[in-house]
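In order of appearance the chains are A, B, C and D, and numbering begins at 1 in each one.
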């Protein structure tokens, strides 16, 4: 059963905020998804920092990256990155464009990004480079014209990530959850690879390991587990999360070895919980 | 329509706190702006950590860096950095002096700082070095005398940033918003460049790319987008931000794939929102 | 006096959250302990990010890694890592499997991890590598079959940590508190070693120093002190911690040198404390 | 006018928490000060993570590192580090022993730590190494015996910091505020120096610059400014800090360029402030 449009907007807004909160996106970059019932459209926020995106910021776009119902606020300039990939890749249902601090050193140096641990295997076996200079010479580096988006989509080919020289990366996924997982763990993998280079030899996964580990980690179980984790971290940062209230029976008689701390901490937690409980009455 | 003095003080205090909260400033460094209606004066906080600056801390200074209305609290010792640049550069309306952790390695090693991605292009094509030893020999490294400020302003020349050997950097902008953007993204660019060096070859933007990308990113749209993002991050840190209350209709029926988390998280958010709503009544 | 089962679940849930909160675990990895009264069983959470684990998530498993009372939610796939080590090592009462960002560069590069400071000495003198390729060829890298767990346990041998190529690490302890200490400080040691390599020569502890310093730091005193620290940090992050209310007598008359700050801060604290006190009445 | 004993305990507890909150101390390490009126005694916390130290945790010790009034809780094992330095250096009134992540790479590699920017100049011109192996051979690396403390104090000599091979650092100051400044900025300097090495050549301050810049930054003004900054950061982390309430007059009419954000943020702040105000009534 596909999502309703309202559900899709809510989950897409959350993915924007989650990926930003994990440090992969900052003031710039964007996460989109294909319309849940109309494959000829995609959903994208109006132009604002992804960590701020709310469901009501999200609008529908055609695959030519035109907004369906025009609005007054500014739109993202690089919509064609998303539209041209959705056109070229019917299997792709979510896209993230970002400038993650751990990915950029590869985009600057030209060093090949490789899966160096099982969770990074979700990036896939090949991580092609695209250089705006090759087709377009000196530009703003911004991918704003349809032909620029199409050139990038061509460089992505059948892969799941394309590195953009002196710019960033664009990641694709079959679902929004898969995209979120791949985007964050590819950034983590990149950071580990940089430090491994500083220690000497980098020994990546074999092609077979990459395929096996990638498939394993993109099953619904691991993907949902990671989504829950990042989602709760976001809730904590946004102040909408509450600690589970400890059960009185358990906290009353504490183990000796660590009693000093545990007792104090729990007393506080209990007091606080009681205070809150009173206020609620 | 220019800002009123009160508005200028508020926005300047916020820029101080934002740039500090992003890790570019710490206990030291300062952000100033030219007086909104009197180009012969500039606005600067009394001496305190920039993350603590409030509108009432901000005072008026002549371009000779004398306070207009003397106050009892201590003033920054390096006022001439700002005054001498405002004198030499009528196009500059905001200045930031800092010791960012990612910029200092360049100031220590003498390695050239270069634009390595489009957002870093806002630093401009040239990033000159200034060494206090050249004109003044062994000093405290503090730029406190008018002739020291003038020497630094001369080294800045027509550029937007000057690196100070064994000390830090001074950044200039046509507006406070442009300055904030350039200051933060130059620091991010520096961090990426350091890691790119560790991977091997560093391939920066061409001069043409730097100009095109710099101009593109300093348009009002991108600058306002980044300002909003850093401003909300500051609000979160200062406890003045509130999560948007989710709409009941949407959160009631959650999608299956990620239901466990989403349901729990939203239930909490709703409960909390309701509790808050009750308290407000 | 051993812990009750309820106490064990609470302290194990807390260890999961603490080690995750310190950045050693993320969405993946797990911490387990041997059943407090039945050495033929161990306790482990159902499958979820360790930072989210609550006492009620924890279930009993046989040493063959079968759940004692089947549940509907998903279980961790790599249970055999724990079960096979508990089988092979009667002296081990707690195990942590993780993919810490500072440990992975060693797993990728093959660089030997060594104790480089006294707190890191708790890792022990030898830190063997295990490569899933040696016995099993190309795999998902996931240790899910009993023979894979047994192979890993064999590589661990009589040591306290085993590094898993292109995957992570598994750490063992005589108690949950010892395990927590060793896991976190081995990760800190790894991070320092990486940076020391970048400076040149790495000079580790001698075998005798490693033994002496390891034993010293694993005594109950240091272990409890570190546990309290990480526990309070977790409480702060979970919002269950409260600042100690300053005594009015002391804060009323502040020392001159730092009066500006201290006075303001304490006035606020007092106001806040009073407000809270009123609400409690 | 010297501090009262109560005032000294409060400010020392705060220094412990501040330096820990800035990441220089973790579960281990300690900050002490000489007794404000009895130079033959010093003040030190009972054994607990420095970020948790409260005024009531602090006790008096003789310069032979014996507690004046015995207590039940555990004491720090490395008291002699402090006692022996207070004995050898009548000019020293505060000492910090730590294992900062940015300092350890120097202690491991033997690379010389040098002042590379003006704030780091407060470490002084010489940063000697002490190796416990030289006098004592293989040990726990813990400095617990009087002769070990005396050996370390001798290595410190007339300097302000001594690096301890495979262990950490000990820093001294003429006052607690000076010590806090030197401890934190020496750690920041170390981090910058590591990254500068990765870029190539490291060009430190001259001896004359070090002396001039060190003296400049250790004057009461800069030291108080840094103290206020770290103190407020601690207050924010401990939840005892409150954002300054914006003045209604200023926030009502916002400047156009950044209105979207600013307006929203301020409306929230006002609403929140009003809600709080109501509750207080």
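Note that a contact is a pair of C-beta atoms (placed from the backbone, for glycine too) under 8 Å apart; a residue touches a chain by one contact, two chains touch by 3 or more.
Keep in mind that this is a model prediction, so the values were computed, not measured.
Asks: Validating interface symmetry: for the copies chain A and chain C, is the fraction of residue numbers used by both over half? Same or different.
Replies: different
Asks: When the CA atoms of chain C are placed over those of chain D, what is the turn angle between 0 and 180 degrees, to the nearest 5?
Replies: 90
Asks: Report the inter-centroid distance (CA atoms only) between chain A and chain B in whole Å.
Replies: Centres of chain A and chain B (C-alpha means) sit 27 Å apart.
Asks: So what's the Cα centroid distance for chain B and chain C, whole Å?
Replies: Chain centres of chain B and chain C, defined by C-alpha means, are spaced 38 Å apart.
Asks: Please output the residue numbers of chain D that touch at least 2 other chains, ranges allowed.
Replies: Residues 197-198, 228, 232, 241-242, 279 of chain D each touch two or more of the other chains.
Asks: Help me check something: in the complex, which residues belonging to chain C touch chain A?
Replies: Checking each residue of chain C against chain A gives 1, 3, 6-7, 10-11, 26-28, 47-49, 51-52, 54-55, 74, 77, 99, 101-102, 104-111, 138-142, 165-168, 177, 194, 197-198, 220, 224, 227-228, 231-232, 235, 237-242, 279-280.
Asks: Of all residues in chain D, which touch chain B in the complex?
Replies: Result: residues 116-119, 121, 188, 191-193, 195-206, 208-209, 212-213, 215-216, 221-222, 225-226, 228-230, 232-233, 236, 241-244, 246-247, 249-251, 253-258, 260-262, 265, 268-269, 271-272, 275, 279 of chain D touch chain B.
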